[in-house]
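Per-chain numbering from 1; labels A, B, C and D assigned in written order.
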Amino acid sequence: MNLTIFLLALFDGISYAALVFIVALGLTLIFGVMRILNIAHGSLYAIGAYATVSLTGFFLALGFSPIFAFPLMIISAVLVGMLLGGPIEWLLLRRIYDKPEVLQLLVTFAVFMILEDAQRLVWGTQPYFQASALQALGNITLFGVTYTVYQLILLPLVAIGLLFGLRFFLRRTVIGKLILATTEDREAAQSIGIDADRVFLFTFIVGAVLAGLGGALASPTTSILPGMGADMIVLSFAVVATAGLGQIEGAAVAALLIGLGRSFAVYVWPEVAVLVPYLIMVLVLLIRPQGLFGSPVARKI
Amino acid sequence: MMKLLTTSALCAVLPLAAMAADKPETLKIGMTTFLTGPASVFGVPARDAMDIFVANLNAEGGINGVPIEVTYIDEGAGAEALTSEFRRVAQSGGAEIMLASISSGNCQTIAPLAEDLQVPNLMWDCGTQRIFEENEYDYVFRTQGNATSEMLAAVAYLLKTNPDFKTIAVVNQDYAWGRDSWDIFHTALEVMKPDVEVVGEFFPKFGSPDFSTEISRLQALRPDVILSTSWGGDLDTFVQQSFQRGLMNTSTFVLPLAESSLERLGPSLPAGHIVGARGDHYFLHPERRDDADFQSFMEQYKEATGDIPVYSVFHASQAFAAMQAAYEKAIADNGVDWPSEEQLLAAFEGLEFQGLGRPLYLREDNQGVESQLMGTSAQTGDYPFATLENIMIFDGDGLLPPIGETSIEWIKGLDASFVDTLQVETYDN
Amino acid sequence: MTSATQGTRRSGPPLLETRDLVIKFGGVTAANNVSMQIEAGRNLAIIGPNGAGKTTFLNICTGWLKPQQGKVFLEGEDITTLPPRKIVQRGVARAFQIPQLFTEHTALENLLISAAARDGMRNPLQSLHRIRQRDEMMHLLDLVNCADVADRTVVELSEGQRKLIDIAVALALKPRLLLMDEPTSGVASSQKHEVMEILVGALAEAGVTSVFVEHDMGIVARHADEVAVWNAGNVQLRGTPDEILEHPDVIRDVIGEEVA
Amino acid sequence: MLDTSQRSAPKLSDKAGGLRSTRSLLTLAGVLLLAAVPLIAPSMQLLINLALAKGLAVLGVTILLRAGQVSFGHALFFGVSAYVGAFLMASMPQADLILVLIAGVAGAAISGLLVGLFVVRYRGIFFGMLNLAFSMIFWSILEKFYHITGGADGIRLARPTVLGMALERPEFEAVLFYLSLVLMVGLGWFTLRWFASPVGQIFQTIKTNETRLEYLGLSPKRVLLSGYLLSAALCGVGGSLMAMTQGVVTPEYVWWVRSAEMVFIAVLGGAGSVRGAFIGALIYEIVRVYASAFAGDIWQLLLGSFLLIIILFAPGGIMGIADSVMNRRSKSQPTNLGEDAQ
């Protein structure tokens, strides 16, 4: 494990962690505020990727330059947030806030199943590959290994930007404070006039946009296939649970932990690479049952 | 318990029916192929080709006047759904003969099932050699070569064109095909070029969408040669991501199954890399491209799908030709309207048939003997994608172990001179 | 009438004893090296202003919380570090300020479960409703005047009924010592004495010593054998109800608070 | 957590007695109908056999639902049992069916104990996610350690002998079908009785008040573990039957979507209902096979929408609907009729 291998594993780990964080961020936000673990988050991620590939393909065919792929990513993410995130919360989740946790989870699982098929009906089953955004930024060579600027620099920057952006938004802006208040105590928030329904709708849409953005940003680095949603969501569960539910900063640390763990495993013992995220999750929860940053809930009698 | 009684009663009657079966209205066939998932880029062309073969034959009245009807089973639905669907088509679906399958894993699962259900089954595309080497089958035949012949052809071509490479790494899919093909390739290299060092072995999961970590590792290792027997969506992603990050400039790729991805890869497959086709399958086949049947099929396929055919289409043509030849031979040999199951099975012994490539025949162990075509990629500009040059077609006989001997044991007994013993024709393009 | 079931004074260690208990709770000193003995057969009431640490004291004695310093002994055995279930297995039961019941089960079922927990559950096929302690539990329900709601689920019961069922569930364990936290709070004031009468009767009949935290001085006067005054983390005074309730400090610190 | 009113305290009033007999009559009719399937609808036999195996696993998940806990990783025990059977047959080709079943269930119970000791310290979402993590660890091992586990292609499970006799496939499938049916009735009856027993009732108090449980002298962790082991064993039975029916075991047995599917079926049938587990499984399999045959590959879409309707409008699941239909027909409306237990 000489130095270059160590650094290479580090770089790969960082770019992978950035992507996993962006997706887990939306999941953490939604759970933190609404106490709902949204299994359909995986489908929103996948549809964000498919939408980006279709839009980019369409515009490039019209002769637009590859640079347009970036704004298109944001557009597809917002589309996913508005067209899918909004209706899911407004039509479905709103009716089940009082219902037990298992039923809320299952509603999101049912939505996941519906969206997986819908995605297959619209985009079919063959793999798509649209890397023009990635190619537009070219490569960079470190220690003899050529990395794409997109994966090594852009993704981590976007991840960090989203982390601090969301922190600033929640702590400094009015809407952000409303969201935090509703998270703390929904009844109390409502009693002082906060329209919790609108806050939940807004939070879910932001969460869905983040999921779509995760998919959009991932699309140039991978071929888009059915089932990518299922793979990513189970990984996001590992990140969210390791971080401590609803902990945005925790999700960043957990994503880094899991990203680095996985990429070092590929260098040391490839067989175990798929196993590492869940091993980390179990080990962390063994030591801190409420997750890295979660706060233990004391039972009063 | 009623069911038990009826079945045993049937057994008593069976020998009488062996004499001749009456002509069915239609010959029902079941065929498994990948209609979903990353491998669909591979399985769908085979289905489209099969529709054309069936239509052409039915237009001429089918086999002895019996039209053919195919039921497709999607291998993409996973092993469980596949086995229950296979059983449904073979039993209640009334299929007389089955063509299964593409994935080596599925072939290993279905072969014993077909034997159990006593339905003839042609392994039309899967390559793992272990099926016939590990046990005997009466109902299962393979109408194409296997991993041994394909890997030996790839090693021979590599040694002939790059005799002085020192290091090699492998990136194969993590399932039966990926593992078995590497065992054979690796064993052959050890005996034919012992000084080669294996610097990296990667087995990403089947259908993996992203190879960036493996590519970074390969760039650090800088192997002279990178072998990958992956195919379909996996191969496309791996080659495109490698090309994107310049890995194809520093290492020579050996891609024994890349013929199936030439058109999709377009400019992403630069010149100078070794391409195989799991048999003598190439849409510009030097010995067959001027034949009438070859050209007419190419037009029909282009018209139907808009693409050029890949080797899964050639393998489908071979399986279809073998089935047709077996039925016609059984009808002729026994002078009946329609052969019974025993008569059909007997017809497969040593059967000779020809699809879109060279003629083939079945050995006693039901293994097909298929010539192997290898070439080097070139961006000539005639097509928007890479075509092959310095094409070598190896005769199939020399590439298979004697019957009853396992490939690995047989290869361990070979040495560097083996490459020269092979019968090969070379063409510029 | 104070029920003076004077247990014969045995020479052995006291039923429950605490030595130099120190409990600090988020800046508040709930107990400042408190030593206290509880004798079998003498019902002890603990009175004192709100927030003085009375409930915390019960939590420490039953193992729900661990003290910063000091020890708790049950008949001489150190039970300070034992989890609540191990202390309960040694014959100490507890009723809570907020009744802790199985809300989706019926009143009778709560008792049957308690009885099954005490006697061990051998036959996984026998219905809970057919265990041999069923009549005994019906009697206990009758004892606490809740026989009429035997088949109603806990969510349908009134606050007072829940308090009584909570105590009955503790009694079903046939404990030697029962710690109760404001047993009659939530009961209509007119019925308080009647309820307390029933309770003390049931305790006496079952030979159970009780310690209960109480605010209603009328209840304390009529039903406690002994009273301890808990203030600012230590036991100011201890004595019979008559002595304590006339004591000037108690009137000023505790009862004064009542009168104002 | 789960506020279903599915409890099994039989009411003593005669109204309930009437309803209970119609319910057991319907159950008996259902079982007889299933028993006749190999004769009247042989093409459905395989499908129903798979549904019964899945139903047994769902029964395991239903048990945990009764304690208000949801596991998203119970396919782990389903897979452990299947693979134990496959490894046993690979090493001892002449093993008997009963041995394969027992070995599988033992494997599931042991892994249930090992995982259980860890997960019973958690509740709610953490309990669900930790079970998921353990199943994904096992899934990764199955996928990646090719030379031991056969990797993504899995391992074949040759046909075991039945009481010493080597049967042909049709006879073997008939034996397996009736074995699954007998296990459904037997284990279903046992689970009903277990729910009504003191052990089962105490297990269900985990949902409502663990504090009082501790103050009854019991360890909530050990109480949850007892139910957890039973649920793991039931998943083991399901896994073993499925493996023997399919003849092949693959890592797919342990994929997280299969665990979520089990919870889906449990709630679809009626969360906490024993009969609901099997009825849910039957409906799920039938829709899955026939929907994809007729309606193209959108069976997931159909089932997802069906579950949404159930959750939004009939949270009691199919059994809840059946109960309300029966209640309405018999005019009276006993508020809290749980599943009866003879």
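Heads up, the rule we're going with is that a residue touches a chain if its C-beta (ideal position, glycine included) is under 8 Å from a C-beta of that chain, and two chains touch if they have at least 3 such contacts.
As the structure is a computational prediction, the values presented were derived from the model and not from experiment.
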Those chains that touch chain D and also touch chain B are A
In terms of CA centroid distance, which chain is the most far removed from chain C? B
Which chain, with its centre taken as the mean C-alpha position, is closest to the global C-alpha centre? D
Using mean C-alpha positions as chain centres, tell me how far chain A is from chain B in Å, no decimals. 40
Hey, how far is the Cα centre of chain A from the one of chain C, in Å? 52
Distance from the CA centroid of chain C to that of chain D, rounded to the nearest Å? 43
Hey, how far is the Cα centre of chain A from the one of chain D, in Å? 32
Within chain A, the set of residues that touch 2 or more other chains is 120, 271, 274, 301
Chain D touches at least 2 other chains through residues 3, 143-144, 211, 297
Among all residues of chain C, which ones touch two or more of the remaining chains? 100
Chain A to chain D touching residues, read off their complex: 37, 39, 92, 95-96, 99-103, 105-107, 109-114, 116-118, 120-121, 230, 234, 237-238, 241, 245, 271-272, 274-275, 277-279, 281-282, 285-286, 289-290, 299, 301
Could you list, by residue number, the parts of chain B that touch chain A in their complex? 35-38, 40-41, 44, 76, 201-203, 205, 207, 209-210, 212-214, 216-217, 219-220, 222, 233, 236-237, 240, 244-247
Interface residues, chain D side, partner chain C - complex: 3, 5, 7, 9-12, 190, 193-194, 196-202, 204-205, 207-209, 211-219, 336, 341
Counting only contacts in the complex, chain C reaches chain D at residues 62, 83-86, 88-89, 93-94, 100-106, 109, 112-114, 116-118, 121, 123-129, 131, 151, 153, 169-170, 173
Interface residues, chain D side, partner chain B - complex: 38-39, 42-43, 46-47, 50, 143-144, 146-147, 151-154, 156, 158-159, 168-171, 174, 246-248, 250, 252, 297
